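Here is the structure we will look at, set down as structure tokens.
Letters A, B, C and D mark the chains as written, and numbering starts fresh at 1 in each.
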Amino acid sequence: MITGADVQDRVRIPRNEKNDYSEEMAGKRREFVRERTGANLSHVAQYSLDPASLPGNIENFIGVAQVPIGVAGPLRINGEQAQGNFYIPLATTEGSLVASYNRGMRLLTESGGVKTTVVEVSMQRAPVFIVDDARQAREFGRWVEEHLPAIREQAEATTQFGKLRNIGQFAVGPLRYLRFNYTTGDAAGQNMAAKATYAACEWIKKNYPGRLKYFLSGNIDTDKKHSHLNTLLTRGKRVVAEAVIRREAMLRLMQLDPKELFYARQVQMVGGFLAGSANNGAHAANGLAALFIATGQDVACIAESHAAITYSQYLDDGDFYWSITLPSLIVGTCGGGTGLATQKQCLEMLGCYGEGKVQRLAEICAAVVLAGETSLAAAMLNGDWVSAHERLGRNRPSIEGGLS
Amino acid sequence: MITGADVQDRVRIPRNEKNDYSEEMAGKRREFVRERTGANLSHVAQYSLDPASLPGNIENFIGVAQVPIGVAGPLRINGEQAQGNFYIPLATTEGSLVASYNRGMRLLTESGGVKTTVVEVSMQRAPVFIVDDARQAREFGRWVEEHLPAIREQAEATTQFGKLRNIGQFAVGPLRYLRFNYTTGDAAGQNMAAKATYAACEWIKKNYPGRLKYFLSGNIDTDKKHSHLNTLLTRGKRVVAEAVIRREAMLRLMQLDPKELFYARQVQMVGGFLAGSANNGAHAANGLAALFIATGQDVACIAESHAAITYSQYLDDGDFYWSITLPSLIVGTCGGGTGLATQKQCLEMLGCYGEGKVQRLAEICAAVVLAGETSLAAAMLNGDWVSAHERLGRNRPSIEGGLS
Amino acid sequence: MITGADVQDRVRIPRNEKNDYSEEMAGKRREFVRERTGANLSHVAQYSLDPASLPGNIENFIGVAQVPIGVAGPLRINGEQAQGNFYIPLATTEGSLVASYNRGMRLLTESGGVKTTVVEVSMQRAPVFIVDDARQAREFGRWVEEHLPAIREQAEATTQFGKLRNIGQFAVGPLRYLRFNYTTGDAAGQNMAAKATYAACEWIKKNYPGRLKYFLSGNIDTDKKHSHLNTLLTRGKRVVAEAVIRREAMLRLMQLDPKELFYARQVQMVGGFLAGSANNGAHAANGLAALFIATGQDVACIAESHAAITYSQYLDDGDFYWSITLPSLIVGTCGGGTGLATQKQCLEMLGCYGEGKVQRLAEICAAVVLAGETSLAAAMLNGDWVSAHERLGRNRPSIEGGLS
Amino acid sequence: MITGADVQDRVRIPRNEKNDYSEEMAGKRREFVRERTGANLSHVAQYSLDPASLPGNIENFIGVAQVPIGVAGPLRINGEQAQGNFYIPLATTEGSLVASYNRGMRLLTESGGVKTTVVEVSMQRAPVFIVDDARQAREFGRWVEEHLPAIREQAEATTQFGKLRNIGQFAVGPLRYLRFNYTTGDAAGQNMAAKATYAACEWIKKNYPGRLKYFLSGNIDTDKKHSHLNTLLTRGKRVVAEAVIRREAMLRLMQLDPKELFYARQVQMVGGFLAGSANNGAHAANGLAALFIATGQDVACIAESHAAITYSQYLDDGDFYWSITLPSLIVGTCGGGTGLATQKQCLEMLGCYGEGKVQRLAEICAAVVLAGETSLAAAMLNGDWVSAHERLGRNRPSIEGGLS
């Protein structure tokens, strides 16, 4: 006879409350899965990382996903922290991704490299405070401004590295959304920001001379989500990659005339605007996702990190100025998955493991993204270019302005 | 003396044009990287997959990222294709993610499970055609409508599985953006859609009795990017997960009253709207990224896939109806990384490897997302709840409506 | 003693249920207002329209707002319906508006005029149907598709001019938003669409073999509101104005080089994208509001109508191709305020009074908007231009690309 | 023989450079229009305003648009500046608008009135500065911060009433968008902000120790355009109207149960989010446009002013808390059209003419908007209600949650 408890036992995943991070427990869970699903997890069971290194990274560990890494480069970066030629580890299962980025890196490198700049740093937790009406909410907002030093003290007492820059305020009816903006050292910093903000909120609740309640997130953070707010006001790193791409190099390596590219950019910018896109460029997510997996970043943050704003100009000498701004790039060089076996090694490839390296990593991310933009743009236009001989007459201005 | 050629040799990553997918070449590249960057790639070199299986997945292969997998479940799903209890492989380096989703799965399972439905299927490539003026563009649009059967024939001739559903049209000045909507069988289908659309575009260019040029992407696809267009008009799968969560279970497992949750939802929905967020729920990206890495999906598609629309109601009996709609979920059960060693095994855990399984996988993705929503919402509200004893008086209606 | 009834009498605005549209009743109400607010409405009382003409336009009539009208032009339009030189009545209280549009009209006219094209026509009412779950909602959607002929019959039976083009469907959880798209003859057509859709919805509710409820608006119409949906899918008229502006004329009349303008456009497009703007051009609302007031349009529809997409190219001969697309222009030449005294006369100035004129009016609106764009762009750039002598050296490419 | 000059004379609108603001010149222009278009402008010629009062309001004056005004009220407002019962002049040609708002005003008034609060004040001009690269742009941004006192001095020297609150900064590539935020006294203040910002920009250009150029608008202001930026960061007045609507009053006056309304609000909020709407409420533009025309506001600013965020809760006692937040309401009580004949009288109806009244007017606007929201919501739901007897069974929770 099968009792309810038996059923419970049969469906509950095995755990060892004392020491769950062992190959033994991983094996028990794989066996449990095999029994219930029929799946053989022989490959999942192959790894060199030490299960004992995993607390804080995973629960119910059963093994690993083996994600192939390809290397691309060299990519010449002229950053403030990232300077020199870089070889980039890209973990992906999408064919041609590495090759395509590689091609873009060559174009940029042969044009003298990519200039990279982190222009703003800001990680958030954004609670919402609820009072009785809009007037009280405005009053509460003033009180927060006046008590910023005390609030900062509370928040910063919880963390060694986090510093509260300022608190943005957004008013809706009786709600006051507060956006706590931090610098977070080398960590991506979401947890640091949450913990600090929680302490600050509790202090506010105790000390504010009025009734209020709050939620630790009012959903404007927006953590693991793209939002226009993040594009405007920065989340994580706001970082710019820019390059003047030589006409000669673009023609030679990409078979593309910068003038044609600029013509196409007008259409692409309209497309991005029309679609209500998070990114008026091409495909930042591709390079970023591959870099994030390789280097132990929080891959869910692709949601925020893939946003971008491309700004370009066709220069009088025929060269092409190309910039891409990532307004909400979420990266860290400590914490999260950065210390795991393969992830640490990939960070070391970039000289980005350990303290004081996060800006360097952000710069590399932006440079990689720009490489991918150049390559995909050329591929897309060359599809058209290839068949150029089939084109009808092209002497009329409104069609062919960029091509003649 | 170092010549230019020497320099070139020293920076170019080793490749073997004849057979690049071998452990030997991987090793040469690791050595190349070690020499130039100092990074020891000993862990990256540890894998059980066969390098010979990697053409079409990676270039310049050097090894793998080992991403820890945890298992969560069981998750009861009452889908059309996914039916029963599922154990979910989640590949992540973010601590507590698996535990949190696991808790949500329990809540849903004890409430009778998640109902899942794929309501629309549509993969795109969206070229833009450029003619001389808006009037010609309108004329061109009509011509495309009239020639849809021939265009479909051209597109579908390139693919065994892809079917052209229809072509959306968007007019801007002399531009006509065409959005080719396909079903793509079990593949995510981006490449299939691109190839088919290219063939169609070339046919159009040859046969249209007027001057035109086109770009294969007009940037409204929007591939690897969130866009409002995708939220409205679907990209990949539009899939819904919904559940009636029992008040008793929510109180017992989450220490949360559905009434309080509904109160909070009003604030969260305003926050999502205010922020201009891609998702008025909580954190779809977390579960999806972990599932995508484990099962060999294109992880860059988190950019599109994390968009979501939450719709909920507080029911008269005190239960809570909760739905989440993913309008642009990009998944496949063949192609991409789905056939690689660990990825295939994780798909097998879900009964999703091979033909005819993509809808099942889409349903599982949505169910997992809903589990994560419930868990994070409870955690966020319980942060407040924990300190409820410290709260000031709470009898006035506009603050405390959801809590009394 | 003042009783409750007395108080009621004292605050209620006088009405005459039998014949409220008379100067006598208007006078009584003005007196009522004067007694309670002290405001002398002597000017409000000055009008030449006949109060008896006002049923269907206003309730509780007390007089008129006298909004000054200025005339601008001639504006050369090469439309499908609007052809020739036009003199444009602009009702506004904002100084320089008429002068600025007038200047733009001269530039366009001297460049050969504006080409205008209505590329799509579609007025909506968008109800939402609610069923038990997403699966039923999908089923309901199919049923609607299958019964489109019967639904169309019901909708069109309520109107002489309205024709149901198609029904868009948007799925969220158990909700099915239906977007009924109509052509509405010469009327703007909101009421026509509402009435027809109501009939269709009632028929659906009676005939659908399942449980459902509906709201006549699910808030995606989006009536009197800008929305990205409208920009994508058209509301009212989607109309394009385009012109090739001669370099010579722009230099002579605007002291502006098209090359500089194109340089600036790159920055402006980025600004529009960054801001999340409804319009990546300059100020469509200015000209439209003035035209709408003068010609009896529904001025609240500026909310929708001011959305726009600018697309431009710098041509090889130094001329400037400039297009602006208004995706949701709401205008009519019958119904609403079009038949009132001054409004009718202003429509007659444009040859737009009466049947068969709505496309002509839409074309004129777009042409006027383009005129305003050129003028403001030049003014903005000339502010910089004026002080050009103070500028620092300008030989470096990334700053001065467009100016040298 | 007709010469070019003759042609020019025949098409040019008559102007008198010395004194153009006379009935004589208006008459000449009307005659000119009549000759060229055939339109008789007899009604346009009827007005009581003095043409000599019009410099600064119109050019090429030919007469007026007579826009009918209806009066609605009383509307009980419990604002900070607006306190008491108000009678509202609404200038519109759309039938039922006045009646509908009037009904909502009664509901609000009988529920105790509307509480109104201006929570933020901020008018902008947002120039963009362009330097050589992102690093210089970041440096420039710091310089601006450091020189804020000097910049403020320059800006404020140009205006009696404008005060520079702060300067927001937004970084894209080599561009630095600066958003100058002002308070502007009783004026809407666009021109004041432009003039002050121009002075500041010229000073910056002279004093910045590096190369730069700027445009006075970088298109993120966003003047006369809705933008997400404005919704987040306020343009003009951010003003809230809120009310607790009594269940009894809603049932009696609207035949609507607040519980049903709250159920519907969930659907409407999803609709607003799905559509990418500027406003998740109903139709703020209707009341605002009518008020703007009556009181001499800049009607083009409906583009910005119609944005809104509705936040509501269903209270435990069955009442309904309803708030609407207008984040970018653009109004003034001096300047613009506020001093014209009828416009001034309508402002006097509201006690809003002259100095120190702008906050009062903003509060009235918000209160009027809330009245319209209640009325339209009820009308929409009653359309469904009316036919309630035809509804199928309604006992199942997911459909009928709000209705039982």
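Definition applied: a contact is a pair of C-beta atoms (placed from the backbone, for glycine too) under 8 Å apart; a residue touches a chain by one contact, two chains touch by 3 or more.
Quick caveat, the model's predicted, so the values are computed rather than measured.
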Pair from B-C, A-B or A-C with over half of its contact pairs in common with C-D: A-B
More contacts between chains, A-D or A-B: A-B
Separation of chain A from chain D, taking each centre as the mean of its C-alpha atoms, in whole Å: 37
Euclidean distance of C-alpha centroids - chain B vs chain D, Å: 39
Separation of mean Cα positions, chain B and chain A [Å, integer]: 15
Chain A: positions in contact with at least two other chains: 133, 170, 172, 174-175, 228-229, 232, 267, 269-270, 272, 274-276, 280, 309, 311, 398
Chain C-touching residues of chain A, taken from the complex the two chains share: 228, 231-232, 244, 263, 266-267, 269-270, 272-276, 280, 309, 311-317, 319, 321, 397-398, 401-402, 404
Interface residues, chain C side, partner chain B - complex: 80, 115, 117, 119-120, 133-135, 137-138, 141, 170-175, 228-229, 232-233, 238, 240, 242, 276, 309, 311, 323-325
